[in-house]
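Shared chain: subunit A. Partners: subunit B in the first complex, subunit C in the second.
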Partner chain A sequence: MKSLVLTNAAADDPWKRRRQQSLRWLYSLGGFAATIAMTFLGLLAITFVIGRVVPIDPVLAVVGDRAPQDVYDAVRAEMGLDNPLIVQFIQYVGSVISGDLGMAVTSQRPVAEELARVFPATLEMATLGILIGVLVGVPAGVLAAARQGSWIDQVIRVLGLAGYAIPAFWLGLVGLALFYANLRWVGGPGRIDIFMEGIVPSRTGLLLIDSMLSGDWAVFRSAWSHIILPATILGFFSLAYIARMTRSFMLEQLSQEYVITARVKGAPERVVIWRHAFRPIRIQLVTVIGLSFAQLLEGSVMIETVFSWPGIGNYLTNALLNADMNSVLGATLVIGAVFIGVNKVSDLLYRILDPRAR
Partner chain B sequence: MMQLSHAWLVDENPETRFQAGAGQTYRMVRALLRNPLAVVGLVIIIGLLVVAAFAPVLAPYSPIESNLGARLLAPSADHWMGTDELGRDIFSRIIHGARITLMIVLLVAVISAPVGLLVGTVAGYFGGWVDRVLMGLTDVFLSMPKLILALAFVAALGPGIENAVIAIAITTWPVYARIARAETLTFRNAEFISAIQMQGASHTRVIFKHIMPLCLSSTIVRVTLDMAGIILTAAGLGFLGLGAQPPLPEWGAMISSGRAFILDQWWVATMPGFAIVIVSLGFCLFGDGLRDVLDPRNRTR
Partner chain C sequence: MSLLTIENLRVSFPGEQGAVEVVKGISFELGRERLGIVGESGSGKSMTGRSILRLIDKPGSVTADRMEFDGLDLMTLSNRRMRALRGARMSMVMQDPKFSLNPVMRIGDQIAEVLSFHSKLNARERRKRVLESLEAVRITDPERVYKLYPHEVSGGMGQRIMIAMMVILEPDLMIADEPTSALDVSVQAQVLDIMDDLVTRTGMGLIIISHDLNMVARYCDRILVMFNGEIVESCQASELANAQHPYTQGLLASMPTLDEHRDRLPVLDRTQLGGV
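Showing the complex of A and B:
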């Protein structure tokens, strides 16, 4: 406010000022919405192009290769493939917006329906993963910055490197061999022990919550023992990133003059770190967490494949192996859309929360 | 004649262009060698190059021929890393796999860096609607999830190393375009560019001869840092059966074939993973060191 009074010529008229401010807000929101729309359109264009690149002739797949030419042409026209590309693209965008992602070739069910069925499993694992990443990563990063050069700082450094250099699918396999096969600490692949499948009614699709709602603790324990390893491994990668970013944000704050002032005034170290230095970086962390949640969704493709986790990533890789293009493109579209959405929302949150970015 | 001495290299007033260039390289290399982690990275990368170059000499067994009598042997003096389900020596396969990994990273770098450099410098140099169109395209690609995009492209193009390389290159060029554009903007209006233009140089000449070389160092840093990610993505594609096809000893595909035996014969899937981790780590460490030397503004703390 104070800076506005100093810089804005209309400062003497509060109504005018407020109107100007909200106009500026609307304007930037409009630009923001336009960027999002462009990005989604770009995503659709990419999946559309990929769908065209495929060397499989979709008409032949329907009519078979011994169909006469007139049948072929009729089917081709019916599928809208004789229209110009731009018309086909508009039709494609229209059908995606109305929720039609085509039929899955292998199961002969709508792709959208199948994706809705598998998505909760991914959401459950990714959420647990990001919780682990945030709850461990943020304090670790703060501590590493507070005690620069200490063992925890070194650990964060090594973890950060490991996050870049270790393949997620390999870590998953090693984890399975160690914690499941050797130590028997956790359950194996899959979401739950086979004999417990389908016991609790599906309300949210999230097994941990469904079993809690039904009060069936045996199912909960089984589900927990299956989810904890893949979620931890997923969380490890966001942990590495979140801790590293937290550390560098904190170092930046700790070198600021107001922190030195707080120290000189004799504030206890704990207060200096958590109240003075940590508070201002919370907004930056929102963006980092959003970013790593989006990356985590992407990483879940590999982890789900390794753990036979019946989520969208596993669905995607199965569809890839079956060359089921409708399912591949549908899953790509959904993961891409969620990825973009999460990124843009965290970007928006940053703009709303940070007074400097407003 | 010229003498290659320390004094000649660090001379503050070089007499020739060659001396200035050599001196700069010398100072850079010295700074790099003072960073122990970067040296570790460099050693790993040189190790990878040597192993790839001399793979047939270094590998004790054939990477392809199967020996069903020696299936799934545990690591021993004969087979340092054990054998796989077809009795092939895993150590030898990893050594030969270094060639495939090296080929993939090099090809991706050779395709995506020039494309990104071209798009970025053209956008930055011309500005206006050219800039808006090219950068809009770049931003769309940048905001996509890379791995998923690569997966979808390979699914469409068909599995195989070449297609995996193309798919990865499609997802990596936008970063270089962004960097090159940012660099170009910093000196687009500089006097030396105007001077060249007034001498009658064409836009092509200005971009290729005067702008691109200046964007090279930051692009090289970024490419080195991205190498680890490229290796992981390529291995991931191999793991899913979309990259290198059997019997090629690609590390990701090797992990995939060991997956069936992970509970009893852990070494089949584990050993190639160590190779991936070490090589990726090498590129990370070296890239970090290179960034500190070439691009001190973005120094990590």
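Showing the complex of A and C:
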């Protein structure tokens, strides 16, 4: 009873209420940071364990298999591998936090540096891909649901099915043969024409943005002509998925009572569909789009291989084939962190879009 | 002239064995009065209400010899002119505010929408009208309620908000489809009184669709009893006790009253009604 009275008093006093509100914000922000930290620690634990259980001896990878035993032992001690596991884990966490992911065995360069080179390539393509997927896929799905059973609906459904059935590498090869080799509409494999490489200083690692920042439009055009085909193909796959999900969410919404209410109020069909049926599904779409984006950021090995794209998918595949454990773990960490980041951003958007979750 | 004239209204939906008729050729008239349509689930009473507002979507189909609202033929009216009627001249309160209010829109904005569809009022005037309409349904702090989301209000308040939304433009006809079935018994009367008050004050025609004979008898002037897609009884509310049709008699007989002692309540004998 006493606490009830207290909260009522607080609700009456605007200053107290404001302070309570900002306190609540602070708490939820703190909780937010804590969950991110915990999830990341879990991710580190997983990569650490993977690094210890795979049957690849990191010492052998350094000294070679003909080194005498005393050299082997010395290197092993130097790498800290004779410490207890928990100490090794703490050392590992410490070095990851300070940005040290070890040396790539094949190139003898820091893994962090290599990832900083390959990840932006994937990020650039994935972002363009998801933009295409969302900007085309969402309206397509809404349209298909609003005109259920019409020819538009049928076309969108067939496209959605194609997105599942057609292999990415096939579409990539056909696209290259048609638009690059025959029509010459787009640039070929790689991120940019060879003679344009290294002209603009790398600030973000994203070629489109770097060239824009330097105002070098020839470089921008070259980068654009190289990225547009693989990004469209990636976009097509996420478009197919996003349109399918949007369509089914919308169909569910259109039979809701409050959509009927909107019609009873005399709302034009456009308002019924976009304001009353579409607004509530933005919440569900955030999850779908987030997951789709995370998948693209993982790097599509198929597309990156076909287009010789120096992205993280390509990098990870090469590292695996060369048994380059440091690179594999580094790339896995980046991909895991991307997943955590995308999930957290969807969580935040959820709170903004859904008044019930605030 | 009557406000609403319906002759031989039929509503059907395609089923696995041909079309299923849920409303089988009903006719009635409505003036500026309060009409109750009573019947059990599946008797076609809700479908009757929805077909007046032309809310039956494909694959359902609606036919009628005549369906006129204030001299306008509802069967042939263009979609655009139908939209101009809905919300402004005819409206509908639905069963459960939990589902009939949009969960992600502020309450005030949802009501103000009606004004933006049908009038040229600017945002400030719209807001003022919305606050007045909330006051009209006896919401004491309209400023606060304006900013709330539907999940933040109770069922009774939700239904009052729904009513405010549906009467803000003072329509000529309002259909209330089971307006109190989802509410606590304690607030049912309150919501009905508010509705009754508004109807009397603005002189609109009201159709209450319900399965609650007592409630309808209390709040309506006239009663239609529907069974199996047909109107089986039509009488003044005050003369319900003298009902002729066996279905109505059966319904009345199976209602308990406070001042009697019975071991067992009679139930409807449906074998007798099979032919209806």
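Methods note: the second predicted complex is superposed on the first by the 298 of 358 C-alpha atoms of A that agree within 3 Å, B and C clash if a C-alpha of one lies under 4 Å from a C-alpha of the other, contacts with A are read in each partner's own complex, and residues count from 1 in each chain.
Simple rule for what comes next: a residue touches a chain if its C-beta (ideal position, glycine included) is under 8 Å from a C-beta of that chain, and two chains touch if they have at least 3 such contacts.
It should be emphasised that the depicted structure is a prediction, and the values quoted were computed from it without experimental measurement.
In this superposed model built on subunit A, subunit B and subunit C occupy separate space and fit side by side.
Touch criterion not met for A:216: it reaches neither subunit B nor subunit C. In the superposed model, A:100 lies in contact with neither subunit B nor subunit C. Contacts of A:193 after superposition on the shared chain: neither subunit B nor subunit C is touched. In the superposed pair of complexes, A:43 makes contact with subunit B only, with no contact to subunit C. Angle at the C-alpha centre of subunit A formed with the centres of subunit B and subunit C, after superposition on chain A: 80°, rounded to the nearest 10.
After superposition on the shared chain, subunit A has more residues touched by B, the comparison being subunit B against subunit C.
Touch criterion not met for A:73: it reaches neither subunit B nor subunit C. After the two structures are overlaid on chain A, the closest C-alpha atoms of subunit B and subunit C sit 14 Å apart. Counting contacts by the rule stated earlier, no residue of subunit A appears in both its interface with subunit B and its interface with subunit C. Within the complex, the subunit B residues that touch subunit A are 136-137, 139-141, 143-149, 151-158, 228-229, 232, 235-236, 239-242, 252, 255, 258-259, 262-264, 266, 269-270, 273, 276-277, 280-281, 284-285, 300-301.
Against subunit B, in their complex, subunit A makes its touches with residues 35, 38-39, 42-43, 45-47, 50-51, 53-55, 161-162, 164-170, 173-174, 176-177, 180-181, 248, 251, 294-295, 297-299, 301-302, 305-306, 316-317, 320-321, 323, 325, 328-329, 332, 335-336, 339-340, 343.
The touching residues of subunit A, when paired with subunit C in their complex, are 256-258, 260-268, 271, 275-276, 279-280, 283, 353-356. For subunit C in complex with subunit A, the touching residues are 53, 55, 83-88, 91-92, 94-96, 99-105, 113-114, 117-118, 149, 151, 162, 165-166.
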